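Handing you a structure now.
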Amino acid sequence: MTDNIYMPYLMKVEKITWEAPGVRTFMLKFINEEDQARFDFKAGQFGEYSVYGSGECTFCIASSPTRKGYIECTFRQTGKVTNALAGCEEGSIIGFRGPYGNIFPIDEWKGKNLLFIAGGIALPPMRCVIWNTLDLRDNFKDITIIYGARSVKDLVYKHELDDWKMRKDVRLITTVDPGGESPDWNGEVGFVPTIVEKVSPSSENTVAIVCGPPVMIKYTFPVLAKLGFTDENIYTTLENRMKCGFGKCGRCNVGKYYVCKDGPVFTLAQLKDLPDEY
Amino acid sequence: MSKIGVFVCHCGENISATVDCAKVAETAGKYDGVTFSVDYKYMCSDPGQTLIKNAIAEKGLTGVVVAACSPRMHEPTFRKACAEAGLNPYMCEMANLREHCSWVHEKGDPTTDKAIDLVRVLVEKVKYNQSLNAIKVPVTKTALVIGGGIAGIQASLDIANTGHKVILIEKDPSIGGHMSQLSETFPTLDCSQCILTPRMVEVAQHPNITLYTYAELESLEGFIGNFKAKIRRKSKSLDEKLCTGCGLCTTKCPSKKIPSEFNEGLGMRTAIYVPFPQAVPNKPVIDRKNCTYYTKGKCRICEKVCPTGAIRFDQEDQIVEVEVGAIVLATGFTIKQTDFFPEYGYGKHPDIITGLQFERLASASGPTLGEIRRPSDGKVPQTIVFLSCAGSRDEAKGIPYCSKICCMYIAKHAMLYQHKVHGGKSYVFYMDIRAGGKMYEEFVRRAIEDDGVNYVRGRVSRIYEKNGKLIVKGADTLLGAMPVEIEADMVVLATAGVANEGAEELAQKLHVSYDPYHFFAEAHPKLKPVETNTAGIFLAGACQAPRDIPESVSMASGAAVKVAGLFSQDELTREPLIAVVNRQPAPVYSSCVGCFLCVSACPYQAIEKEEIKDRSGAVIKRVAKVNPGLCQGCGTCVAFCRTKSIDIQGYTHEQMYSEVMALLNEY
Amino acid sequence: MADFEPRIVAFVCNWCTYAGADLTGTSRIKYASNVRIVRFPCTGRIDYMLLLKAFDEGADGIIVSGCHPNDCHYTSGNFHARRRWIMFRSLCDFLGIDIRRIKFSWVSAAEGAKWADIVNSTVSSIRELGPYEEYRKIVKRPAKEVTNG
Amino acid sequence: MNIEKRLVRKGSLEKLFNLLKNNGNTIMGPLERNGKTRFASVNSFRDIASGYVQTTQSSKEVAFPRAEKILDYSKNAAGMSVKGIDPAEIPQVVLWGVRPCDAMGIGELSAIFNWDYKDKIYNNRLSRVTVIGFSCEKADEYCFCTSVGGNPGSTEGSDILLTRMGGDGDFLAEIITGKGARIAALSPELFEEAGNPEKDKFLASVPVRFEREMISRKLDKIFESDEWVSQSLKCLGCGACAYVCPTCACFDIQDEAHGRSGSRVRCWDSCGFSMFTLHTSGHNPREVQSQRWRQRIMHKFSYMPDRLSVYGCTGCGRCSRACPADMNILEHLISIQEAEV
Amino acid sequence: MDELRKKAGELLEASAVKVIIGYENGSDGKTRALFAEKPEETARLVFDSRCVMNLATYVTKKEVRNKGRIGLVATLPVMRAVIQLASEHQVDDAGLLVIGITPESKMVEFKDLAEVEAFVHRYQIEIDSKQKEMLDKLEKMTPSERWDFWIRELTPCFKCYACRAACPMCYCHRCTVDFNQPQWVPVPSHELGNIEWHIMRAIHLAGRCVDCDACYNACPLAIPLNLLTKRMLLDAKEHLGGYQPSIKADHLMSTYKPDDKDNFII
């Protein structure tokens, strides 16, 4: 196994949760107990998930490293492999190799306020770090989560959103794009950057973690800058196409960086140093 | 994630006698994605269907494979059962274990193995099935009838009488068609106009019928239930509202030497004219080609004499746009003229005439008021020869088919001649006498036996003039090909019935197919004789092939019922198994590159061009688009498309691919 | 080759050959069980790539069958298909793909007996030709050996 | 170790070949077909192509095959069984007839596969390869090894380097590595005393055309240059350059299924293809060909030196020779060197 | 050549076209595509027997099209390709002006594509005798020999897709081989993947191939893959009456004749 890095761990799909149309979460457990014992990862890392016969695809690990014994991933059905994954049932066996990539430096964030901003299907890469920080809640000061999706039905992790809403130690603001609201929607209505501006979180001793579709990111950064966030205090995670996951196949190259090795987590300051090829 | 139920039917013992149904169900139950698998005595029975419905409800099935008989037999049954249980009916597939397996193979493992394969293949297919909804298309309940002959008239009246609107267009100034030219009709010898004109009047007066004479179809777009037609109303140079039809203008018109079309050139008409006295509408038109004013710029006599001032020299063609839901094509036929026949003098001899000209001679309303007189000198012919198959059934002339009506009308002509010219001698040269039809054979026998018409079996090789007589040279094949030579005063050629000039062009406008002779093609020669391949366009009468009156009328009524049936629905419901061009995220939008080669591959002209535009309205890409109203779901475009941009619902790339991949290997 | 059971895949149209094969069944005419039928709406829908896929998956012979000319339910799907077959068949032949293993036929809904004949004759001729090893060789050959070829 | 010099008679080459072959080695050598040469398993010495300036295809396939199984899987009633490749299946290979630029390419390729994680599959293959290089007696206008740190008689990457001494002469054999020495030890009589011949005079002359450090420096500044667009306008976007390149290592991972079993295959890919970076969302970070061409040059002359401390180009000139649109990399590099920034 | 340069310069000068695509001298005595956007650049235009690349392949490229109207130096095969592209709605008069080069190497001016078509129709597509010989040789082999021949020829193919890239008729934004749902053609370049790719390529060019040999010229391994499309050309001639690229006429493979060859169908 260790001999061949391409050789995935065999994982059993323990539980499947429907999150939104075409989006589901798999809870995966190691078939081989030794694998599980050896396996460790940190928030922000990703892996290659494979359906034998269909191939591999890349997503972050969506569960928190503080929750042991399993990993979770959330994906939208779009391509060949995600479609094949969607064909899996509870009990199916899939492959997983990882963890790959760098991490969110949560140790460095100790004693700071955290602002999470996510859009649509980009909450999963952030869920890992959100739970990680929530599980180590005392290490951080205020935690604010701003999450938006195109419509109410497109919001993922609905149960967890409810949990976060109930918690006293988290401030959760959810929003949907204009027109995407349902009759009983009691969150915000508006695009994420607008809502960020409206909520106007303080940049004082705060780290912002932003993840979402390119257009959301593009309009959110200036808002954060206006709020006084420095580029070093804004984190995001890139989602380039990858095949190997460990800096060989050349696909995720952005300038001299390998998103799979040097990323996927980048600060805005680092990002500004990259060519615009992500 | 698929949750597929497999239901294996024993069909009594029809399947289970050779296939181990329990084993099939058991094996299928182990396949990925199969959550429920069972075998049962009679799956199509009520309890069997209930079994399926319960499983759908209890197990939350997302797909169903019924392994039973041919889907051609029970697919609707099981799809309906699925629908009743809340599963989209198109998530149900049938494996054909009976017709394709148990009934054709011996009992044994190979047969059971095959049954298992057949089930597995459909399990794999059904994983890629998609929920589909029947397509609904609204119906414009107005019919367009093209052609105002007897077929068009009958179709219009029948449709109008079911309460639907009809627009009838006719290219000539009057409706009536060829039937109005006929003298009497076989086999009853009743007067053609006597039976036709009341119908023509009825058309004119029917509240549901809009009549456009002197009008032609300019263009057509759309599809069944939703056609848009442009009609060119040729200028009549007349304000029809003002014209009372008094006819003064026609009597005063100085151009009087124009061969009358109605009289097949045997009579003359004026430049402003009504084609015949019983015309509907009975209002004149100006024939601009022959009008002195239009050709020389002077005259305008009609304008001067018109008591209501209805003449409009400056009137232009008018384009009328109409929306219709169905179209009946009843454009009729034409006949070959005598100049088609070199062996009979290229039409140069005035006393060699066509059958239609003879009709005019024999008609009481004709140029001779019904007396049979020869065109050259007006004498009553004492010897007359009728030739059947003039052009027809003659490969060399490019008309290999039988024109069908000639045998009967020749018998009628000869009979009429014998009745009108006492002591006259009539000969009929024929190849075969084709008198299939009610009272037809009897009619021909009457001509031969009662009226003494001489029937000679044989072909006429040559006709030439000699001493004022027409020498008809032929051979009597019944007498061992003995040469026959007849000195005749007049010869009537039963020339071939052929498609109208321009039929091909019209067919292309309508996107209906046509046969090699340019007659419009029916959708199926036996079972769909009045339908065309284009849904919503129907055929009546001789535009499809030479037809006699009763046949034309029957077809017209048949087409009318088809139209009425169509109009009985507010919306058309169609199987959603149609082709679709893919859409992809920007900046590709669709993998279609817009080569549009599929357009000509589609048998139904269902593929159109579509422009994908950005927000500012600029065209980003041109791609193919399948019109769901026209697509019949053959999938020819799918296999043709290089980029795999078109897919057909129900038989998608993924479905067929996974079927093939599962055929021989377990998945 | 006596114990060799050929694996035959049939690509047929829904309206003629599939119905014809149904008639074979209702007439209880027996034929070899080696054939697996895939139903298409029309021969016009049959993608030549699917024929190759059948060989990839181990078919020894293929039958492609549809409506006789002029009988096509969709008017001309079979005519279009025939053109494609002419070219595809010729290309296969040119590449050395054994075209004796691909049978094209017209079987109408009334020709149940003809269907049985075609299946039987195909099975027996493929039985004579033996398994399609030539093609299987390029499928089975492990990818890693490519460079050593 | 010190390079040992020996003389190999021209008539001994075949003996050496047969010896190696009989010793259980697969010999990968240049074979010619349709006027093009590629490395493939050679059965007979006589089949080996000669007279080429450079083989059409590089020899990288010996360690990085164009399609290579990385695992087998099969689904069964018990679940899933997955099997990696068995190193024992990998043959012992003698790579015969490699030019110094190709041999040097092995090092660059290794840098890619061994920076950070050391790719086991690659190394397994490479460890079973012995490289017998042949110095270049001729060069053509595409060659520029001397501009990128190589030369026609470079020993880098070879285990034994043979240099023909004059037209039809015997060979100078330089035994460079332990692997090379083991081969020489198989049949010492073939490796005679050589004295100290002047090797350079038998080598092709390849002028230095640019300075690669300068290229790297310029590249840092011309990322946004229009030059990329004008250079790549004629580029057709095929993968010929990458596939003949001795150092291009981009790959794809694909599954091939037959029924319930199949294998996962690592196969070549190229940054020149538009599909290479295309996301399923439709977004493509390198959407136009000029970006992809820039990536190729930047990767070889800026990113690799920066990250891996090696250049990704050996100056073999293959990409230019193979390009159907005559994209000449040397020309482009010179124009970059001359670019004013 | 001077005439050509002059004409090209005039067209750019008058802004009748924004870019002239022609040939210039390239490396190693070869010629290559020149994209002249300024009148003075037209001095680099050359034309002679080395100019075999089919420049029509550039006119469907987005980067080139974005420059504006194209003036294309076109030999007969290039003109054929242009007409075929026009019939497939990929180019039109608004985007393209053809500067023709006759088989006698004379420059010929065209007002529009209709004139190009008329010119093209003066020549039949004829397969050259050497290749015909090769085709005949293959024809005479047994199927097994042919199979071995092709496996041997196609084994070196590493699927760089230069044949596709160089072919003016392969302009699809997404080729079927890039289609992975389902995966019609195996991605790796092993025998199966190679043979299926080349079958597909040949079939897709049936009735469309303009016989320019661009695919063969582009192949870095000189695989005689043009024989496949030539076989298709011969078949089209033998069985379907042949074809000529024409803007309006129906495409060979999207039409049919009721009396097409039927003797292979039982």
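Worth pointing out:
Chains: A, B, C, D and E, in written order; residue numbering restarts at 1 for each.
The rule is short, and it goes like this: a contact is a pair of C-beta atoms (placed from the backbone, for glycine too) under 8 Å apart; a residue touches a chain by one contact, two chains touch by 3 or more.
Keep in mind it's a predicted model, so treat the numbers as computed, not measured.
Seen from the Cα centre of chain A, the chain whose own Cα centre is farthest off is B. The interface with the greater number of C-beta contacts, when B-D is set against D-E, is D-E. Centroids of chain A and chain E (each the mean of its C-alpha atoms) stand 47 Å apart. Note on chain placement: the centre of chain B and the centre of chain C lie 36 Å apart, centres being C-alpha means. Between the CA-based centres of chain A and chain B the separation comes to 63 Å, rounded to the whole angstrom. With centres defined as mean CA coordinates, chain E is found 43 Å away from chain B. Contact with two or more other chains is made by residues 176, 181, 184, 188-190, 253-255 of chain E. Residue positions 79 of chain A are each in touch with at least two other chains. For chain C, the set of residues touching two or more other chains reads 48, 53, 56-57, 76, 80, 84, 139, 143, 146, 149.
Residue ranges of chain D in contact with chain E, taken from their complex: 33-36, 38, 40, 56-57, 66-67, 140-142, 229-230, 233-234, 236-240, 242-244, 252, 254, 256, 265, 267-268, 270, 273, 275, 288-290, 320-326, 328, 331. Chain A makes touch with chain D in their complex at residues 1, 3-8, 10, 31, 50-56, 78-79, 82, 93, 95, 214, 239-241, 243-244, 246-251, 253-256, 261, 275, 277-278. Interface of chain E with chain C (complex): residues 138-139, 141, 143-151, 155, 176, 184-185, 188-192, 195-196, 199-200, 202-203, 206-207, 227-228, 231-232, 235-236, 239-240, 252-258, 260-262, 264-266. By the touch criterion given at the top, residues 70-73, 96, 98-101, 103-106, 110-111, 113-114, 117-118, 121, 513, 523, 533, 577, 601, 603-604, 632-636, 638-640, 648, 650-651, 653, 656-657, 659-661, 663-665 of chain B touch chain C in their complex.
On the chain B side of its complex with chain A, the touching residues are 1-3, 32-33, 127.
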